[in-house]
Amino acid sequence: MTATLELKGVVKRFGPAEIIRGVDLRVLRGERHALIGPNGAGKSTLFHLVSGHLRLSGGEIRLGGTRLDGRSPAAIARLGLARSFQITSIFGGMSVFENLRLAVLARRRRATVAWRLASAMTDAAEEAVARAEAVRLRPRLDTPAADLAYAEQRALELALTLALDPGVVLLDEPTAGMSAEEAAATVDLIRRTTEGRTLLVVEHDMDIVFRLCDRISVLVNGRVVATDAPAAIASNPDVRTAYLGDAVDA
Amino acid sequence: MDYFVISLLNGVVYGLLLFMVSSGLTLVFGMMGVLNFAHGSFYMIGAYAGYAIARVTGFWPAMVLAPVVVALIGAAVERWLLEPVHRHGHAQELLLTFGLVFVIEELAKLLFGPFAVDNPMPAELARPALQVGDIAFPAFKAFIGVVAAAMFAGLFALLRLTRAGLVVRAAVHRPDMVSALGHDVSRVFMLVFALGAGLAGLAGAVAGVFYPVSPNMAHELGVIVFVVVVVGGLGSLPGALVASLLIGLSTTFAVGIDATLGDGLRTLGLAWTMGGIFDVRLSSMSGAIPFFLMLLILLLRPSGLLGERA
Amino acid sequence: MPEPVLDVAGLEAGYGHSRILRGVDLTVGPGEIVGLVGRNGSGRSTALKAMVGLLAPSGGSVRLGGREMAGRPAHAVVRAGLAYVPEDRQPFVNLTVAENLRLGLQPGPGRRWRVDEMFEFFPRLRERARTRAGVLSGGEQQMLALARSLLGGPRVILVDEPTEGLAPLIVARLVEVLRTVAAAGIGILLVEQRLTIVLDLATRIAVLGHGRVVHEGPPGDLRGDSAVTQRWLAVSGH
Amino acid sequence: MTASVAETPMAAPPSRSRAIGVALGSLLLLVLPALATDRYLETATRGLIASLFALAFNLLWRHCRLLSFGHAAYFGAGMFATIHAMRAAEAGSLDLPLPLMPLMGLLAGAVLGLVCGALATIRTGTYFAMITLAISELVHSFGPQFGSLFGGESGLSAMRMPWAGFAFGDARQVYVLVLAWALAGAAALWLFGMTPLGRTAFAVGENETRLRFLGMRTHAVKTATFCASAAASGLAGALLAVANENVDYSIFGGGASAAPVMHTFIGGAGTFLGPVLGAVLLTGFGSIVGQATRLWLLYQGIFFVLVVMLAPGGLAGLVAAGLRRSADGQAAKALRATALVLAGALLVTCAVVFAGETLSEVLSDAYSAARATTGMRFPPVERLGLAYSPLSLPLWAAAAAAFLGGVLLLRRAMRP
Amino acid sequence: APGTCRAAAQTNEPLRIATIETLSGPGSGVNRLYSIGTRQGVAMLNAAGGFNGRPIEFREYDAQGTTSVAAERFRAAAADGIHIFVHGGSSAIAGQLIEDLRRHNMRNPARRMIFLNTGAEALELTGEKCNAFHFRLTTNAEIRVRALVAAMRAQGALGSRVVSINQNYSWGRDMEGAITAAAAAGGYEVVERILHDTNRIQDFSPFAARIAAARPSAVITGNWGNDLALLLRAVSAAGLRISFGTCFLDLPGSLSAAGDAAVGYYQAEVFNPIAFGAEGETMMEEYRARAGTFPSTSEVKAVLSMQFLGKALASLPPGTGPDTTRIAAALVAAQLRLPIGEMAIRAEDRQLIQPLVVSHVVKGSRYPIDGTDMGFEPVGVVPGPEAVNPVQASCRLERPA
């Protein structure tokens, strides 16, 4: 199988502290890949590196053959790799609708058009509404994003990411702070919306990981200690001691 | 040679004076995130206070009392004007101080008249401290230097060693959370702002000994203090010191250089006959140098010489 | 049941025109762990904010050890012994971990915790003591937030979704910590999404709905497919 | 001030009343020449120019949350470009009819704005403000140097050349010309806010990082917005050049940069037309009160401070709130608030003016002359059309009471 | 609208005079004085019977320190039917006003206005900008320097090595030019030419160092306001004892700011109470009775200008209305006798020719200023024709029709 996203010997240092210590990771086209690991293992950092938020200290990252490292976040996003943030990051002062329309326009490269009114771009508007519908925010269309409840904000965050129709999606703890019900719903949502896309997700809730993902990589202290199918991971003794404890029973 | 030595001394002292004025600004900005446009006005108030008090108590007591007065005014401003708009964000606070500039200047005009007041220098400061060739280096410049040095030491200790410093630095970003840890944010803010104002007042009182004490003082000091703070790195005290000295020295020496940019290029064999900017004498542009410096810094090292990354 | 330290009665609060809380009644006794659950957006975080004074209550009373707290500024309430751990952790990004903790350190009315006790709880924090909190990992920030508030020596601590973003091992650790804290005689009001954890920890559970406490009782009430869970949480069985 | 633009509910007045307001306003502007004398047309012309300038400034703030303290640079650039063009036309070396001259200003503003904008928007927040300040200070310090470009401290002057039977000699024709351009400029700025670019620019102010991860080159967006703002400023400058037929480098000074800031935040930055309100108000203030008393700057300063404190949304914010209320069928409440505001404002004004004028009189030379002649230490003050002792306790007490009462009333009124 | 519709002045119309000065904001301090003085001057004219049987109307317009407001005020004045407007405060504003005047007179030949310039000294105002309806009733750089050089040389205070330090804008450059031009006549060599930016410099000691390095026998500067005060303070602080020739040391604020440093420094001016003898004394006392303080030189200049105007008005046949064209002509012909000599207009460029008093600063003066005990003691008078500069080639007056 071909890897869409491929990391080779990726290293990241912050001053003296080496946080990512040579990560090799191959995310296969169309698979749902989970990245788990103890707090502070470097999962978010890895995301930052892939999405261009941080610069590599060493190694290389490829997206379907093209080098990502060294490119700006914007460039990477335009190459079809989108991410969500662990700390919710949306446009608080704008309505849910405007948030989504913005993302849609960005994807269609129409977001900097200065010679037409945004309201004239009805197709974009329709898509925005549809995407709100998809994450159950339809009733909140005109609410300023800042006034949404936390969970609603997470949902919007997700919708923004998906609105880019990316080939590869990076999700950092998409269900954090959601009730079990919400979480379950969100997982279904992710399933539906990322159909046919490649998905790399960081998640601490094992039920979700096991329900959602085809393969799991375990990151410990900046190294990938294991990559395998859920069942195998669950029964992997190292992983249990390093991360799971007795959270799941194989 | 004499010229070089004296210019060096002048540059350093001028730099130190700049530091005196900008330290309070840096403090308030670094800790409260408020860029106090009215800082120059506090400087002016300090000068007038020094002048008015000195006429009653004599010079030296005035040097002590004037800053106190200004600090009190600062406290009042923070409590009754700034505090209420705090929740509307920094922009709003900045605008408030921006408005204060006009109010204070006009009040000064109203109360002390539009002209510079006659602020005599005490004899012990008037006499020269040392002689370089046939140029004297006056005592009050040494005085300025000493005060500035003391100021730096004191502030540095305050920020590094006290918890108040910690509280305020934290409160810049998350006032709510700080109060949720049991700290009375508003009180600390008031104290810090008062301190900043007091420093400006001290600088004004000291500077008023030499510079004409007039309602335009703030105006003339102008944005140079902002330049210092930005070049040094917003909120960094050592940065402010370095920047002040840098600006002090560069402007001082630039004055002596009559060469034009064109000359410089020509000696490099470039640009034979370019008019405009290339034929302006450096000496006549010494006032613009700080701004060049600022732009340069902001482009090369946006967070300032010693500023911590945003 | 012992005399409650925290006694909330008819608490009302909201944002601007939208009224979120319509009279919440709650009590927390010393050393007691009370779970506060409800749907997303039901107002649990709002309730905590209103109790600690970060959000001015528009009505009702919040008594701490018999003294009225409603309407008093947050710092006064906290000094009186009511600590608060926000749901979004709120680290002081420009300070180091150590400095963050130092800020929390206060001579509170409750048990005096020491900084290295916190490091015992969360060894990870000791490793990161010198780093700026802004760059901490999500989980690390969560630990920091809890430790920071405990250092204030509270009598009651309000915790908003502490396990969010924590790895399973750490979650287990956290549960231990909360038990220890409670054992030290400190009341805990716990807002938590993962019902399993609440059921495991709490001695009493209050359910928030329509801006009121619509049900209160021992964890048993919410075990299994009870009517309450169906009606107010609608959790498809665990 | 709320972090929202007119399109999002909280800041804007209900669209119907806004439409009505705009319609009435434009109508008034159109019939003004028939009503007003030259003097007031002069002031009106200034008001229009200041309004356009303030709108241009607020484009940056309202969208990108970028606060520029150096917009005089682009305003001035527009003025100089236009004057140079007009001189060329006067000399016959350029064949551009006067009504099209402002295009020169627009162009100059845009070009300079593009360069400086690309530079300044590297940073945001306070740094940005400082950079803009530095840039304009730099330009200003060049002022005295290049005689051919800036014409020294007495500046350059030109003459409006007749065109198509219009001499452009009298205030009316100038007013109409300025009005046309100002309206066009305002409309353009309004539309900009509704284009995708405008909305994106607003998103920059909201959360720039996130925007990057949506694949946007935010720096380009900011630069473009800056450029638009500078172009509009340049246009405003051009209009002033046409009206004054003269310009000198003092226009690059701090005062010119301060004006749009004051206008915008007194008028209200949250709503599109807020700055216009502020500009018109302060321009009128400057030319009417400014004629009446030397203290007008003091009064203006106090006014500004009070507005920033009590009405963070600016005056337009108040109006909008009132309209929204009455739209929500709380007309009574709205009226009450309005009454409170007016009463409070009146009280404060009386107090401040009394104190200011009395003080300035007592400290004036003329008064010391009166001292000398009458031989009294505090002869009665003749100000505001009445004579009273400057020491009269009751008067001062009344003033103090009025001030405090006024502020309290205003406070009350502002509460939602 | 009065400005446009009204036909040529009716004879029964009162004469309207206005000042357009900076009355508020930065710079208002010095500029207001011209307005105050003019007001007093007009009052005196009215006390003497006004103009053809009617009191002269007087107005003040506030230029608020900017040329663009000045322009607005000019049009306001035109609209209010002002015949003569007075300005002395700033060369920049004067430059704006003279252009406004040119355009206004071109557009409204029926209602031409007159510009009495009581204090703006930029050469170009009588050079390429010169205008038949603009009268410079004050000095300019060349006149000041010629007078200074003549008198200082006579005092032996000039020596052979002169430093020129000036502000880097047209006025300062005019001064530098004049100082260089006068070198031959003054028998000195200009050993250092310094131009520094205006009102920006906080610390002048570097310039003091430069001056010292040049080892001059005298320094001549056109600096005013802070730039003057700071320069003098820096020089004295550096312990340099050099004689200074100045132009604006008598403006309020300067002497107090300069302090004792200023003692012995020279100054060339139109008026000095002591030099004017008994008449000077009565002028001072009379003025104090009216205005409460002794007049500053700026005020006196304004008063003298009004008296000069008075002469011109008096010369008109009774019954002539406020016809500005004829008044202008009368001004060209007018003469005013001062204790120290004649005041008259040079027809070619409308520059006033008048004698100048050169004085130096002494302690314990009879007319101390600025709350100091210092004042100006005359050391010599330079007759007008000797002081005045030649007509500039660039000046071409289009004679009034």
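A, B, C, D and E are the chain letters, set down in written order, and residue numbers restart from 1 in every chain.
Simple rule for what comes next: contacts are C-beta pairs under 8 Å (C-beta built on N, C-alpha and C of every residue); 3 or more make two chains touch, one makes a residue touch a chain.
Just so we're clear, the structure is a prediction, and the values are computed from it rather than from any experiment.
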_For chain C and chain D, which third chains touch each of them?_
A, B
*Show which chains lie in contact with chain A and also with chain C.*
none
*Between chain D and chain E, tell me the centre distance in angstrom, where each centre is the average of that chain's C-alpha atoms.*
35
*So, what's the distance in Å between the C-alpha centres of chain D and chain B?*
29
*Geometric centre distance via CA averages, chain C-chain B, whole Å*: 46
_chain A-chain B separation of Cα centroids, rounded to whole Å_ = 48
*Residues of chain E that touch two or more other chains: which are they?*
28, 32, 168, 197, 200
*Indicate the residues of chain C shared as contacts by at least two other chains.*
none
*asked:* Quick check: what residues of chain D touch more than one other chain, meaning two or more?
replied: 141, 145, 295, 297
*Among the chains present, which pairs are found to touch?*
A-C, A-D, B-C, B-D, B-E, D-E
*What does chain C use to touch chain A in their complex?*
15, 39-41, 45, 87-88, 124, 128, 131, 135-140, 142-143, 161, 164-172, 193-195, 233-236, 238
*Enumerate the contact residues on chain C facing chain B in the complex.*
52, 54, 73-75, 78-79, 84, 86, 90, 92-95, 99-100, 102-104, 106, 108, 148-149, 152
_Under the definition above, what is the set of chain A residues touching chain C in their complex?_
14, 17, 36-41, 43-44, 86-87, 147, 149-152, 173, 176-184, 204, 206, 242-245, 247-248
_Touch list for chain D against partner chain E, complex_ = 37-39, 42-43, 46, 141, 144-145, 152-155, 157, 159, 167, 169-171, 240, 243-248, 250-251, 255-256, 286-287, 290-291, 294-297, 365-373
*asked:* Please output the residues of chain B touching chain E within their complex, sorted ascending.
replied: 2-3, 6-7, 10-11, 14, 17, 109, 113-118, 120-121, 128, 131, 133-136, 138, 140-141, 210-212, 214-216, 219-222, 224, 251-253, 255-256, 281, 283-288
